[in-house]
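Scrolling down, you'll hit the structures one after another.
Shared between the two complexes below is subunit A, which pairs with subunit B and subunit C, respectively.
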Partner chain A sequence: MATIQEKVTARFPEATFTTDGILTITVPASQLTELAKMLRYDTDAPMDYLVTIVGMDWKDSLGCIYYLMSSVTNQVVAMRTSTTDREKPMLHSVADLWAVATLFEREVYDFFGIIFIGNPDMRRLFLNVDWVGYPLRKDYDQAPELNPVSVENERQTDDTHVWEQLPDGKIVETTREIFTPEQFVVNIGPQHPATHGVLRFRTAIDGETIQKIDVYMGYIHRGIEKLCEELTYQQTLHYMDRMDYFSAHNYHHGLCMIIEKAAGIEISRRAQVIRVMMDELSRIASHCLFIGTYCMDLGATTMLFYTLRVREQILDIMEKTCGARMTFNYDCIGGVMQDLAPDFVEDVKALLEVIPANLKEYNKIFTGNVIAKGRMTGIGYLSREDAISYSITGPSGRASGWACDMRKIRPYSIYPELDFEQITATEGDSMARFKVRLEEIKQSAHILEQLVDNIPEGECCVKVPKALKLPVGSWFEIVEGCRGAFGVYLESDGSTKPYRLKLAPPCLPLAGVVDHITRGQKIADLITIGGSLDYIVPDMDR
Partner chain B sequence: MYNLSGITDGIHQFLSSFLAPWLTVTVECVLIGVLLLLVYSVLALFYIYYERKICAAFQCRLGPNRVGPLGLLQSVADMFKILTKELIHLKNIDKFLFALAPYLVIIASMLSFAVLPWGNGLQIIDFNIGIFFLVAVSSIGVLGILLAGWSSNNKFTLIGSMRSGAQMVSYELSIGLSVLTMICLAGTMSVGGIVDAQSDLWFIFKGHIPAFIAFCIYLVAGTAETNRGPFDLPEAESELTAGYHTEYSGIHFGFFYLAEYLNLFIVAGVASLLFLGGWMPFHIPGWEGFNHIMDYIPGTLWFLGKAFVLSFIIIWFKWTFPRLRIDQLLTLEWKYLLPINLFNLALMVCIIVCGFTL
Partner chain C sequence: MPYEAFKDNEYIENLVKELTEAGTHVVVGQLDKLINWGRSNSLWPLTFATSCCGIEFVSLGAARFDMARFGWEVARASPRQADFIMVAGTIVNRMAPVLRRLYDQLAEPKYVIACGSCAISGGPFRRSYHVAKGIEDIVPVDVYVPGCPPRPEAMIYGIMQLSRKVKVERFFGGVNRKLKQEEFLAQHPMAEAAK
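This part shows the complex of A and B:
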């Protein structure tokens, strides 16, 4: 880590550093592009994976924190920059270095009004085109009169704005069309069986061939990050299961971990084991549902029922212990809400017994099917470079050959002690994404096997004050959800509520890559590709 | 073998004994029409129940089991529901074509009923180009689908109907050629003649290899022709919501729905006519006693039984296989089925000329 710091100091003498877990480099806005370029193309540890861009309002200034990770050394570095202009804040875009930045910067623009010079698509991402104000700014006016609930058709625009800096330093705004008038544009979504939620693909097609896709999201945007700023730390947890509802445990785990780290709470070994077991059970359930719905997208309806059998069994286990079958609110600050149900061990063992037979059956019915092969092999190819550039983590990224399992590369909780493999494939197509998930079920089952007989005795939750106050500071954690890396950024001003809680879900980049990998493919392939990426819309919209 | 032509002739004589000839024909036509409609709707109800039960069995479910014994009345209840549904009137559509389309589809499948071999002597019309007529009228259906897709003024329906047009026109070729192969063997296009030619042995055995190839191709093409999975692209629900009939409601939707099920029956019925002897019982040359026992089972049962077994296979396809993509679908037809079919036709002709049939 020192080497990066040395290199940066050598080139940017004004840069300041904080090394509290993650190296944070603070530079003036004018030097950001240079620094980003240097980190991105560093020879030893190229920071090629942009985890997230955290928009910030520090009251006196607006700014961004870029979390970067190197796919070579798995080292995390943060760049921090700010601008004091609140009227028309502008920063330079990094969209040319990381493809996913286009999307992340749109989000920051949407919530903070920071314009990124050079971003090819500066539209709002989640909110309406005529939304008044920027909600995550601290001086945002929440008066309902400003943004009344519309009873008319949705307002939208077919134009996007681009701010460019001319060679003489002048910044000009130009308007560009997203689709030309001659293009035949079909709305796939927001109400559509294959979008897995309320997501809208504006698809320009030529016959059956896709020319361009404009992803239009925000239909289930609830402003969870904004809501969390008004809640105590315990209360913020309740929103984690409303994002990726299949990774509820994993997301809870992530937020609990960061709050515990900030507050310096040590949790018991028993709670750790229970959390990991719940994470892995969720992963199996989530992947089972993926297999079922994916096959259904491809027209093989019957598979759904076979995979739901296993999922049902897991949900029964969850119900007994957590009291819910969805939106579990089980992990809490200091451990887990309550102890395991008495027959938990027995139920998990019964589950582990049926999984191999079921996987065999799935392969027999679907994976080897000639039509399934024809539909998936070679469809939606995503190269390793693109996967990293678009921040495609999780099984989808690993199918492109990028070893991005956070349980392995940034081990947390008790994962370092466990024996499991990180599944990767090199094909990068829909078939690989499908198979990686099948294999991951096996690995999760293997983890459960190791733990089910070794749940230590002890208390499941340590005592935590009701009005939990965190020290002033900022923290960043990444955990592995069922669909990829889930990053949490927490900034505290010393009160009982978070000053800023940024949630970086894996599904937003997944939606962002759809346009890139569907171009030139058929309409039916959009369904194949979308299904194989396995995005969850509430997760991207938040 | 029961010959039901005696009964039908009896009715004819009874009617003409006190009615003028033109009136006799009119009365008979009305009677047959009513009967046909009745059979049509009862079969549709049965098929809906049949498919739901089979699909439930595949999917570890029970299927309909609440309305009536074993859920038998479920489809009747569904039918009443669809009859009471409102026909939603859409703006900015071609109203005439929009209303015409479902009738075209259903008329096409009803006309095909006329030449199916229901039983010995139980046929609505038996003329020398029976099979040709069947192939011709079943092609009308695609017109209805194209019109439905076009007149709905919706991009999804348009894509669905365009797919359907490409698909049905292509697979018509395969159906036509495999039918032609069997006509070579039968030496006649009359439905009655084809059935009679199988009185000693069914064509699938008589024509052995080429007949079996033709049978397989016919089943595949027939499944595609009826727009059923894995060839259900025109209405691929995960891509096009409901394809060409997205905008239809009430009984107009019901017509498409009925026609789809009845087309399944027609495809299975024609397959049983061409390959499995229609209503002809299972006969093995030389086994007189066995043949005699088989004759005790009425021909209508034979025909329906064969049709249901073949439909079961087609339903089985649907609930097992994923859906093909449009280019894969057309590749299958033009690059594989069509050449195989042409070769198969030549093979069949050779076999007949050389007298190698069983």
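This part shows the complex of A and C:
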């Protein structure tokens, strides 16, 4: 069996390779579609999962790095291409190969102004239609006068643009309508209690049946990636708390890991154990809150009070050690910020004792309830192929039968030594997504059981220079957040600040799939489906 | 927290002084007291959260911090039924007009609490290209609650300060109608349409 590199060389002699952990294939822009097609439909390792598209500004050129993963072999490959045109940069779209690419390419267009030929919906994603400039370009003018904060309603447009290449090679721009004049469009959000944050759905309905949803985001886009470029590595960490605030520890873990890898820092065993324990504690807390708010969306308000009881207990444990209830900023480069609180072990044991009883209670109150069953079973079906094509990772992807737990398939930290199961279900409906999370609480508790008595002695943080300089290069890591795979791409130019820090959150694809799985369903089920996907809006907007 | 420290609020002291300077009407003053007693003990918030602070607001509603003790638990999803907005989270350029519209939709008398450092000044995102540097430029603010995010206890403190403010205000001829009827109608968007 030929390796990917051999296969690519045979077909694309111009391609260059770097094999520093992840195989990166660099090709000219004209060959990208061919290469993508070849990798996507490879017989041995089809690269069917598009992790992220990293837009890049290398000053002399603009470009993209596509991170791909195979759901068969779990191998990661990167494709890299660039264009030197800064006035009207154009690349070919890969939206026909991966459904999620439509959304990722819109993001790149919004931040870098790269137009993707063939993308069916080339609008800005987070910023207003009239926004001046492309913020993640290095020559972006940040002057507030150009883009002032206004209290006037933003200009809305119902048109989208499509660039197509004709057979004779000419590129034409056409304008298309998002909704036809006959469609009846209902606006849901951004101020709506069941959208879990400031997300807006423009919903075309026929009677009660949903025809199409246009997800409109950017109501909490805070430009974290740009902010990080002006800060030292230590200073970038605290933004991880404020993206998906339930996966604060997991995201910290991801970013710390990539910086440590780049700087060649070895962290102590104690720090690793503490990090994993914190990750799993936050997973339990996050899933508890999910159950609470989800049940509340479905009308079972009482459940929120039951589930928040466990969450408060976990927050107490974290508060004793980290000193905060939500924005912990606990993992730092080289280990963890401070040592565990003296009664940490005792508290965790007390927590582990109450979890089984609590889960039993949740099942008794809610899961078996006939209304709950009626509202969740068979609602919002997502097939395995679509889950992969739309990059739906985390519990939502696993509920569709895709084993995508990064702790198992790309093990990091001490996860390979631990005994836990990857929970999957085959139903792919809202009920399955709910049950997978319930089961994951058990698995996380099981991990904690293994570690709580085996926290090794040692230092919790190794000494790291304040002005940490990373060597020139680029790195990519994926960790498992509470809602799915969280990818971090880091590029360094040798200074104390990151040249580019791309955060690939799991919630952006989750929002992207809403349109696909709600089509043909009833409008009342939109809340059920949205709730079961469990997206966090500040995470998708960043 | 000692009671004196809770009372230590110059702004409200000055407000009380200003309101009572010219004395109060015997009847209306008593009615004011009665109505304000009711209003200050049933402040209904708008369910409004953009980011992290909103989750602490959820905790505030749950059993442990239990804001129902103070009569704030009736969180309304529609601004037309709410008394105040707790601006919990960052307000970005795209959200600013929405916040303004929500504020305009609140029925008088209405109040705003800026909750968390993002709402106060932009917080850790102050230098971003897409973040409002505090919500003062968008809506008038009554109470500021610092923190990132503020603890639920701090939020309780903030809302309690708001209810103190509500208690000393004049309801009749005061906050119940800040604008004369003609002024209100002249400003109303329908007036433009009628012309």
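In the analysis below, the second predicted complex is superposed on the first by the 540 of 542 C-alpha atoms of A that agree within 3 Å, B and C clash if a C-alpha of one lies under 4 Å from a C-alpha of the other, contacts with A are read in each partner's own complex, and residues count from 1 in each chain.
The working rule: contacts are C-beta pairs under 8 Å (C-beta built on N, C-alpha and C of every residue); 3 or more make two chains touch, one makes a residue touch a chain.
No experiment lies behind these values; they were computed from the predicted model shown.
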Which of subunit B and subunit C A:Ile365 touches, first, second, both or neither: first
Touching partner for A:Arg398 - first (subunit B), second (subunit C), both, neither: neither
Partner chain(s) touched by A:Arg375 [first = subunit B, second = subunit C, both, neither]: first
Partner chain in contact with A:Ser150 - subunit B first, subunit C second, else both or neither: second
Dominant toucher of subunit A (residue count), subunit B or subunit C: C
Contacts of A:Arg309 with subunit B and subunit C, given as first, second, both or neither: both
Touching partner for A:Pro193 - first (subunit B), second (subunit C), both, neither: both
Partner chain in contact with A:Tyr219 - subunit B first, subunit C second, else both or neither: second
Subunit B versus subunit C as contact partner of A:Gly299, first or second or both or neither: first
Partner chain in contact with A:Arg483 - subunit B first, subunit C second, else both or neither: neither
Contact residues common to both interfaces of subunit A (with subunit B and with subunit C): 192-193, 304-305, 309
Residues of subunit A that touch subunit C when the two form their complex: 126-128, 135, 140, 142, 147, 149-154, 190-193, 197-198, 218-224, 226-227, 230, 238-239, 241-242, 245-246, 289, 293, 304-305, 308-309, 311-312, 325-327, 537-538
Residue ranges of subunit C touching subunit A (in the complex, touch as defined): 47-52, 54-56, 58-59, 61-64, 77, 79, 89-90, 92-98, 100-102, 124-125, 127-133, 137-138, 148-149, 151
Sites on subunit A touched by subunit B in the complex: 184, 186-187, 192-194, 205, 208, 295-302, 304-306, 309, 365-366, 369, 371-372, 374-375, 522-527
Subunit A-touching residues of subunit B, taken from the complex the two chains share: 55, 58-61, 155-156, 159, 163, 229-230, 232-233, 236-241, 319-328
